[in-house]
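Have a look at this one.
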Amino acid sequence: MPVPKHIFAPPFNIIRSSHVTLGITDLGRSRAFYEGALGLQVEDATGDALYLRGLEERQHHSLVLHRSAVPSVRHLGFKVASEEDLDRAAHHFKTLGTEHAFVEAPFQGRTLRALDPCGLPLELYFRMEQRPSLLRQYGRYRGVQPQRLDHFNVFAPEVQRSVDFYASLGFRLTEYAEEDGADGRIAAAWMHRKGNVHDIAFTNGPGPRLHHLAYWAPTALNIIHLCDVMASTGYLANMERGPGRHGISNAFFLYVRCPDGHRTEIYTSDYQTMDTDHEPLRWSLRDPRRQTLWGQPAPRSWFEEGSLFDGVALRDALFKADVLVAS
Amino acid sequence: MPVPKHIFAPPFNIIRSSHVTLGITDLGRSRAFYEGALGLQVEDATGDALYLRGLEERQHHSLVLHRSAVPSVRHLGFKVASEEDLDRAAHHFKTLGTEHAFVEAPFQGRTLRALDPCGLPLELYFRMEQRPSLLRQYGRYRGVQPQRLDHFNVFAPEVQRSVDFYASLGFRLTEYAEEDGADGRIAAAWMHRKGNVHDIAFTNGPGPRLHHLAYWAPTALNIIHLCDVMASTGYLANMERGPGRHGISNAFFLYVRCPDGHRTEIYTSDYQTMDTDHEPLRWSLRDPRRQTLWGQPAPRSWFEEGSLFDGVALRDALFKADVLVAS
Amino acid sequence: MPVPKHIFAPPFNIIRSSHVTLGITDLGRSRAFYEGALGLQVEDATGDALYLRGLEERQHHSLVLHRSAVPSVRHLGFKVASEEDLDRAAHHFKTLGTEHAFVEAPFQGRTLRALDPCGLPLELYFRMEQRPSLLRQYGRYRGVQPQRLDHFNVFAPEVQRSVDFYASLGFRLTEYAEEDGADGRIAAAWMHRKGNVHDIAFTNGPGPRLHHLAYWAPTALNIIHLCDVMASTGYLANMERGPGRHGISNAFFLYVRCPDGHRTEIYTSDYQTMDTDHEPLRWSLRDPRRQTLWGQPAPRSWFEEGSLFDGVALRDALFKADVLVAS
Amino acid sequence: MPVPKHIFAPPFNIIRSSHVTLGITDLGRSRAFYEGALGLQVEDATGDALYLRGLEERQHHSLVLHRSAVPSVRHLGFKVASEEDLDRAAHHFKTLGTEHAFVEAPFQGRTLRALDPCGLPLELYFRMEQRPSLLRQYGRYRGVQPQRLDHFNVFAPEVQRSVDFYASLGFRLTEYAEEDGADGRIAAAWMHRKGNVHDIAFTNGPGPRLHHLAYWAPTALNIIHLCDVMASTGYLANMERGPGRHGISNAFFLYVRCPDGHRTEIYTSDYQTMDTDHEPLRWSLRDPRRQTLWGQPAPRSWFEEGSLFDGVALRDALFKADVLVAS
């Protein structure tokens, strides 16, 4: 594919991926998972929602669990650089003719909801209530010691179109997988704003659906300990894939599923990308080290299952990419 | 099965598993694997053999690679407590009517070779040339930082008979897997002399064949680093299984195959068993956590492939155990 | 010094160091320390005592905290191999003319208390109530994830005499520090029964006093995490020395003091010593790598302070060893 | 102190700290240290200079060792976002009346040298020759596995003035230490462009002198391994401080000195700071956890010694801060 030219002066300034709101059918059961097993910190609990954050995060929440009749994702949250950027964003979405609205969101300042051109529900804001970082309060470390939300990964029916749109907002491509040959189509793309491998990634498939959200953990040993804890506290069936090493992003990873099926990646050891002349890394779709440096194929569920976005219609992918699946 | 009663005063005193001699078809290629990738230390190289040891080992060798037309295993080495124990052992094998002979072995004192009742070739000795430990010479640490040979695991056609024989030599059962029900047959057994989970283990299957030898590494992070090194230096196909956590022994493990197909386990985090009232732990053959606490089944090769012993006839197992295989 | 000849057939068979009973002035405060910070498991709590064990230990307790008006140590516990060994031990102490008596001890079978020739109070037993190992119950892992009691270290006024006595019981010397020169006196000795560097060590100084008890932890990262937890939960003043690497035993260590001042070492990465021809390693008292491979001297308190044994008179050391202290 | 207001539209765009050039008296001896012990990769060697980089770095060098009659630092390198930013920088320095010039620098594009108002020699550039990242070439990992240059720390005679100047260039304060009281003076400041704790820090003292350059390593275990390697390969005297945990930045650290005395910090586990409303963290100069969360004071050399910049006059600090030193 043609690598998109980087836009240094985007129409508004997104700093980073920031939070996600999940529709959850049983808040108590999910609190046991996200707080008890993974070790996220519950910052607030209202009657119908739980607000959680990682250990280094100063903002009130990076994960919101919202009571819901069926599992779903409400929106993906991104922080912008200023109040003015919210107005610029509203103007930009208006120009694009894209659905958008300012809404009230608990613990947040002015909040702009919008659908991206592929139907992905976004939530932009600048101000969120601040809490003291827990990074040096080691007595509160639990589970995998999750430090911060790192990124989102979504199934996109038109990866090229998603890449083009987010590139137009100043997101920069760091790695991508595509078919071989002159007309090879892009099957997956990793794009960032904050200076590491990604804030959002797109994987070819029926969508939009959330493939996973990811929290960054300090070391592989924390992830191995989480495997041991999950396997011995009733969460064996929630361990879907890993631990292993991705060729893409070089991340040491584990994928787990919450009781409602939403997927979280625990993730460590990627790299920095803030150089303005940082060139994206291309992977052939036929290179097995892309998915797993160590050679273990992923289970079928990992390729096929994802979380639906609330009220967003699912569309088939434009094409079917040829990937390696554990039979 | 009936757990064998522990023999506190065995006919001769074996201290521990000590070394193994492998038949190797290309010494240079295998040196690159065992020294270059795994990080074992080459202590001596003669025209037709390489002698290697782990970082903490004070004895001259724990792994001998011997030039051979075909891959094979020559014998499994055990250290006894004194010269007198060698004579007692010779007497015992004579009483049993088992084939045995004193032989010359390089870098070793008097050396007794014998076949156990199931045909396993053993090598017993007391004295081996000593070299200074490299434990505090961190500049020589490489690969997975293998510290010491820990154990052997062999396919045995009659596990119960092997267990009974080694129990009669003072080996103590620590864990075992058996069929459920009143007449459940034992399918695997772990037995020790040195005070941790095992010096030798027996797995039901056509045998005798060596399933694996195992080196102990300090931490799981060393093993993860070995995965990364192997995957990026041409040894991807030599990674057979793992990393993962065994339920049995609680070990964090990785199984790798050398260029001749011999299997080595890299192993850490088991436990102590020297108490004389230490009771063995029983696993049902149907409990999947036995093989892998985290739920990933092992590949078929891991269940089926092993190294033949030089000049020893292969016999079918008495029964076929029902295990979980990655399809 | 003359290295003692190893006694292979001791008068009775001690398997290993097993437990210690501490006199504690405030059980609640100490429970917070040993359970809350270090992560030991409280197995039983009576009105005047707490019984704790490490994660892999199957016996009921390796640490007993006993309510006491003043901090003290009651006795060091060793497990013997059989009931008969208890009778042999009683006979041996009688022959030596050493004070000894069978007593009742909660959760233990027949229990023999005795003073060693240097006044050290010992407790020997064979049977202790068994509990299921928590090794695979990772949900209960806390603090430094202590797995098992490893050893004791005591200040001895006559190190040579202590070495000779324990050698006569079959303990084997693994490492020692002595003055240089032909008449160099031994200043510290590490002796084992169980097959690693030590079950008990002796350090020259006014005694008998307990320098420390030691728990084994899986990796250095667990110890670093404990430092972070202690420093941020009010236990900064309880961190006395480390983390660091001892030359002796190659251990990665941390020394902490409980609210009553008893010292615990958290300890990992030593080596195996069960070979009957294992030669002890000599360190010159002038070699700074002995104490700390990395060069940081220890604080004065670490050299001078220890816990008194209940009802045992303190005697001056025969000589003063010349060690390096952080000024 | 008054925390400087963040400048979102600086006169030119510095992306990050990028490289440093050291004057070295014996290139072979220093290569053994930086390549052999620390594990940096030598990318090029000319007659009078060595060019090294970390494992993930795509640029040609982050450390240049230049043959020199006396140890010195030539300049601190920063990467700007575009060629235009170089011209803007030249214009800005001209406006300030600060010494500056475009120079030729090997493996770099247009390169601007300038003195900051406190006399610190800077080198700005946009283009540097690119090399493939070695991040996935695990066979080349050595020593502490240094991944990337992280930051510089300099002794500044006027910390407030340095902070004000770098704030005017868009650097953002993340943490600082100051005297208590209404008129408390700032004694140390950490400032970033790239989104973690710092690209450059200023410490009160006679200057300008380089206190240290820092490389980021993956985990604390890599740093512990480096301690072991250095202590056992002749570099014991080069280990100055640590390992330990800073309260400031939460970093796990080790400070080492090269044969010419230049100080390198090996550093891991800080946090992200790219939020535009990220508030700096204030530390009282009297809070000992600032320097070391675990309580060990630093040696006097760490407070007093630094590397002189080539041809730059040394000035006394405006005041003497009151810090805790290991006596």
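Residue numbering begins at 1 within each chain, and the chains themselves are lettered A, B, C and D in the order written.
Everything that follows uses one rule, which is that contacts are C-beta pairs under 8 Å (C-beta built on N, C-alpha and C of every residue); 3 or more make two chains touch, one makes a residue touch a chain.
Note that the structure is a prediction, hence the values are computed from the model and not measured.
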*asked:* So chain B and chain D are the same sequence; what rotation in degrees superposes their CA atoms, nearest 5?
replied: 180
*Same or different contact residues where chain B meets its copy chain A, judged by the half mark*: same
*Any idea how many Å lie between the Cα centroids of chain B and chain D?*
50
*Could you give the separation in Å between the centres of chain A and chain B, each centre being the mean of its C-alpha atoms?*
44
*Euclidean distance of C-alpha centroids - chain B vs chain C, Å*: 32
*Which chain A residues reach two or more other chains?*
136, 219-221, 228, 231-232, 293
*Inside the complex, what are the residues of chain D that reach chain B?*
136-139, 141, 219, 221, 225, 228-229, 231-233
*How about chain B: which of its residues touch chain C in the complex?*
8, 15-16, 56, 58-59, 79, 81-82, 126-127, 130, 133, 135-136, 147-148, 194-195, 218-221, 247, 250, 269, 271-272, 274-279, 293
*asked:* Looking at the complex, which residues from chain D come into contact with chain C?
replied: 219-221, 224, 227-228, 231-232, 236-237, 239, 243, 245, 252, 289, 293-296, 326-327
